[in-house]
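Letters A, B, C and D mark the chains as written, and numbering starts fresh at 1 in each.
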Amino acid sequence: MSMPAMHDSATFADMRSITLQLTAPLSAEDQVAQSMPDASPTKWHLAHTTWFWETFLLADLPGYEVFDPTFGFLFNSYYNAIGERQPRAERGLLTRPSLLQVHDYRAHVDKHMERVLAAPTPQQATLVDLGINHEQQHQELILMDALHLLSRHPFPGAYTDAPVESSPAVDAAWHGFEGSIVDVGHDGDGFAFDNEGPRHQQLIGDFEIAGSLVTCGQFAEFIADGGYERPEFWLSDAWAAISRDQRQRPLYWGDDGESIFGLHGRHPMDPNQPVSHVSFFEADAFARWADARLPTEAEWEVAALRLDAINGPAHFRSGSTYHPVGSTADTTGLMGSLWEWTSSPYVAYPGFRPATGAVGEYNGKFMNNQYVLRGGSYMTPAGHTRLTYRNFFPPHTGWQASGIRLAR
Amino acid sequence: MSMPAMHDSATFADMRSITLQLTAPLSAEDQVAQSMPDASPTKWHLAHTTWFWETFLLADLPGYEVFDPTFGFLFNSYYNAIGERQPRAERGLLTRPSLLQVHDYRAHVDKHMERVLAAPTPQQATLVDLGINHEQQHQELILMDALHLLSRHPFPGAYTDAPVESSPAVDAAWHGFEGSIVDVGHDGDGFAFDNEGPRHQQLIGDFEIAGSLVTCGQFAEFIADGGYERPEFWLSDAWAAISRDQRQRPLYWGDDGESIFGLHGRHPMDPNQPVSHVSFFEADAFARWADARLPTEAEWEVAALRLDAINGPAHFRSGSTYHPVGSTADTTGLMGSLWEWTSSPYVAYPGFRPATGAVGEYNGKFMNNQYVLRGGSYMTPAGHTRLTYRNFFPPHTGWQASGIRLAR
Amino acid sequence: MSMPAMHDSATFADMRSITLQLTAPLSAEDQVAQSMPDASPTKWHLAHTTWFWETFLLADLPGYEVFDPTFGFLFNSYYNAIGERQPRAERGLLTRPSLLQVHDYRAHVDKHMERVLAAPTPQQATLVDLGINHEQQHQELILMDALHLLSRHPFPGAYTDAPVESSPAVDAAWHGFEGSIVDVGHDGDGFAFDNEGPRHQQLIGDFEIAGSLVTCGQFAEFIADGGYERPEFWLSDAWAAISRDQRQRPLYWGDDGESIFGLHGRHPMDPNQPVSHVSFFEADAFARWADARLPTEAEWEVAALRLDAINGPAHFRSGSTYHPVGSTADTTGLMGSLWEWTSSPYVAYPGFRPATGAVGEYNGKFMNNQYVLRGGSYMTPAGHTRLTYRNFFPPHTGWQASGIRLAR
Amino acid sequence: MSMPAMHDSATFADMRSITLQLTAPLSAEDQVAQSMPDASPTKWHLAHTTWFWETFLLADLPGYEVFDPTFGFLFNSYYNAIGERQPRAERGLLTRPSLLQVHDYRAHVDKHMERVLAAPTPQQATLVDLGINHEQQHQELILMDALHLLSRHPFPGAYTDAPVESSPAVDAAWHGFEGSIVDVGHDGDGFAFDNEGPRHQQLIGDFEIAGSLVTCGQFAEFIADGGYERPEFWLSDAWAAISRDQRQRPLYWGDDGESIFGLHGRHPMDPNQPVSHVSFFEADAFARWADARLPTEAEWEVAALRLDAINGPAHFRSGSTYHPVGSTADTTGLMGSLWEWTSSPYVAYPGFRPATGAVGEYNGKFMNNQYVLRGGSYMTPAGHTRLTYRNFFPPHTGWQASGIRLAR
């Protein structure tokens, strides 16, 4: 199956526009603050994604002058090959440039990108595709980081005033698969991140996978059964982490145990809603309590392909009925409602080679102490994710839109 | 000598206006960021000073409704008697209320204060005087904290674009005093903070005090002589602190050893300029290197009184020729150019009793591990400081406008 | 292939005796100190291994009285199901019981174990086998932790005064294997830890593996080529770790770059000797520099089996010619010279179920942020390790006897 | 009043012998452990005091060879002028030299000291006096540190099996003094530490001081009245410290609120016994609760001199009836039962000059963030303390034998 080219002007312009739309509910003050070292200010995301275009597509263009020579230091994220940079935990100190100047920076780079997009070389086309996908990842990060910032306020406001829709009860059937040699990973036709390939064979055994995500109601049962007080459900590192943090429930659950904080603000917990923003540690403990386990990423990929073929596209991944927020209506095409933790540590596929040059730092160097998540979430931009997509986060983090699908 | 009453409407309005003027060079984004736990966002200062008026003067007024019931939590600084509050180190997370809303809060409170100021009871008059002096302290903090925030930016901008004036060479004469029983502290006539009294007698010995502050040129000699590498000049705690922080020069000196960062931005070091933003540890080490010592606060108070009587008001304290920044021209009446470290730990005067009620937490509870500074600085509002004023900071801090005057 | 039973009296007594022999070079003072939270005092190992016997084999025996009721708290390592315990990082505070009392404890438990060993039930036999293997693991930990403690002394002594033997040059040939479906893991015949099974099939591709371990001389080339200063060789977490710790060479290499600290004390680096006590991060970075990679654990297991069949038992694993220390001569039967890092995160094999009861905490709960090491080391007791053995350590640690074998 | 010379052979030998006697209840294992960075292993104290003699009295003696050239690094405490040293927090890693070797070191140095003591030069005589007083301070530290180590054991043993004596009820009368100019500090006749002089005049006002120390019963009332939950009694730093440490009672009080841990082991709290091992923060908070204050050190010195003159020697200081432990019976001549916190920060007396050379680091460099304690304790060696003695500790520490005497 061939994917349409992304590197045309309209796709680029639409994508850039969506980035700005996502920031509309946030004031200039909201956009400068950093709520934890893992999160970045909105303004920083706006500038960093623009710096990415400038650095990888424009910088070497004849006659192009960089918008501001200090931005290379300020808005490089982690590319050692590019040079020194602002420490990650101190991005909140960058009150300057102002948000308006960053908007100007975006406009400046957009204008110059037109030249590239008019007639890209193959290498440029590849980098444009990468840049679009990169900025889409930051679109999701903008939502994740804004949610986290809002949540840290003692009287938190909402990102959107759209009402929360109720979730219908879900079918909790198990779907069975027979063991076989399967092909996993991306075949190189159309855009994919380097870590999705090479496509290769794996041998998997018989397994069953749940037809829907674990719900808040089910997770509340786990808590009521002493889930957070019984070490037998937790990995040793997990137990140490929740003991140190005195964690008793998922990140965005209220102390009352009956409300949840989200982009809609604080609202009553809906038992049918998939439990979200859980860490790998929590997902793994829940699975052990439920006498099940998390799927491997190969199992997930096989199951997702098969179930979608039977039930219609994206049935498997979007079947869990978690709806995107009103203000991000452009993202209604989401393939899934929540990223789904797998049991697979994030490692290289056999034969993996990072891209050459600075963009080789994009994925490969993070292959340690992270777990793969599959699918996509209500925060993920439409069209961004795909069957072979490998998202990854450390096991203790819950600020990403992650849920739990069980296997056995 | 009697001081004029401060609690009239015009004094109040002028003071409130100056607070806002000081924030003019800063964007809304500058005003929300917190550069370290000791510093607060500008916006927080604007709201906290207003909360002080609302809490201590307006809250119990018949018919007054608090502007926003959440502000008591958000903008209480450290008054345990008032209630719970936002953790000090997390003031930078308060992106909401917006700066505009805080300006509205100020206007709302100012309007209601008119009622109080029209005919204050004696108790109200006392609290108004306290509130004015409280807000003036925050005016200085606004400058201190803004300077620190700007300095943490990798490409720091200036608070003001006024040019730096050069300093003339200064007379380094020693002035001698004979030992005697002296009266120190405030006599209660006119406003003073509770920690300035009671006025009492102390026995002091013969001493000499320097006619001018230590200059950057002199401090550079100390550095060149291995000052930061020779433990014999430093208190044990001081040596541990500079070793841990790898400190090799004062806080705002450039790594090049030839430039200084200040409200005017980065500019060449002027050897005649008094060395500023030094910690007590640095002042004490310099004094030991110079075979001298810091004055006690009693010595300082005696010397300041005597020398001003001879040379004209404020000669002693302003003789060090350090000029206030252009954009704070309203503050030209400064009594001094830099706060001057004394060797005196900040302890209660004999017979000290904190004020009753929540305002009793203003000064007394901080009497531990701090040293007294005397005089006033280029950042201090005109008319705020006085001969008996006791400023205090922990010995390792240098973000206040502090300098060194030697004694022996 | 069937392994002989371990649970006879003579095997037990020999194993217990070896534990004490290993402590002979250490004074009572050496045996009480804890050099880091990861390491334990020798005395604690002596007591903990004895507590293991008492708790799992003797406690429920009719008529048995525990030696000391406080030991359950003092010498439980990490079994939540057994109860509360001394914090791991504070084992060095346990100056009491004395070493002599711990020796008495060992004798007491040994005497009562005779009853069990005379006619064990099948369940007891299983636990005896586990206990023997458990204590053998602590024999290796005694050496690891003693080496670390000695290394932290500013004038470190040697564990043994036996001379260091020189290493011959090694054959660096690559051995090729064709991809296939292979069986990996333990088949359950004879003792194995629960994490070694179930035996299952994996699909592996073509690969080559090095015939010998990376040498100190080769690792010195990596350093000389800027290995520790070039981020492109390191995982992001690895780069953060070596930057934070200012690491410039392996743990036990001298600052001079020419000597190594080991059980023999400090001695000149032998270029032919396998580089040892490297972390996974270092092994992984070296492999990237060498344009190779680490083998997966399945590749390692296949290669080890095949090469030993051709070249005689244990050729593959012991071929790297690193000799055990003189004072542990009873351990001459080592299958390998150094544990070999694989690229495989330590996860459960398909179908893995931890043992029931408290011993289920033995392995499973540590399956996070650790990598598998295969083989065995000069510190491993004779007969302890086997082809399917899965050792594991976090990626930043280097106090275990670990080396590097390359694959591609 | 002239003190007899200390620098004769018999005094030296007796003092050295007492040091060893104090270690008798402790095993070699007890003597090597370090329970916190502030405390040192017993063995380290034994070696450090010996290193002091060797360094300052023997090293330059013709023909003397240092016992072991590594000991200068291992057992220097904090003398920068002497050279580099083992980090304070890592003294527990020094399992070598063994305790037996340290005993040999002591014997070696004692033998060579005979030469010096036979006919000391004036400068040697001064250093011998200093060395004796130095070692006596370490005798007290040996008891303090041993008590702390024992207390950290989950099943703590006792230092002595002597029974605890009950305390009689005490007279809680206030003693009044009229203000005047008084002489304080040491006059230089006989041995004193440099920080006790120069003797100088101070002006003090009228004051009253309590005739006895605050008792456990009184302190229990403070706790029962919510003392540890009410911020109004505590300095801001104190409140932060007890909040962070979740402190609810003095260091050695049992969680049951009814027992106390001491050199005798855990025993029931005696309401008449002076409350001991309280921090300055606790003493200051108690005084505020009791509507009183702590005395200044000048007040204390004046009162101690006057009350002893009336009531017989050392009445004031020993009147609090807290008896030394049985096993330290040689210390029955203690001038006081507990060190008494004063409100005075530890600063230099006017005209203070540290001794020249390395011994100048003895006292002066610690004059920051410490408070003066006066008197002496049940742990202080007989004859060591005196009226002008200035002990000092940071305000949060309670492992020294400190109590509370109120003033007003």
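The rule is short, and it goes like this: a residue touches a chain if its C-beta (ideal position, glycine included) is under 8 Å from a C-beta of that chain, and two chains touch if they have at least 3 such contacts.
These numbers were taken from a predicted model, which means no experiment stands behind them.
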Identity of the chain that, by mean CA position, is farthest from chain D: A
For chain B paired with chain D, centre-to-centre distance based on mean C-alpha positions, whole Å: 38
Rounded Å distance between chain C and chain D, as computed from the means of their C-alpha atoms: 47
CA centroid of chain B to CA centroid of chain C, Å: 59
Where chain D touches two or more other chains, by residue: none
Which pairs of chains touch, using the document's own definition: A-B, A-C, B-D, C-D
Complex interface listing, chain B residues touching chain A: 27-33, 35, 43, 70, 73-74, 86, 90, 92-96, 98-99, 149, 152-155, 157
Residues of chain C that touch chain A when the two form their complex: 78, 80-81, 181, 200-203, 205, 231-232, 234-239, 343-345, 347-348, 350-351, 365-369, 395
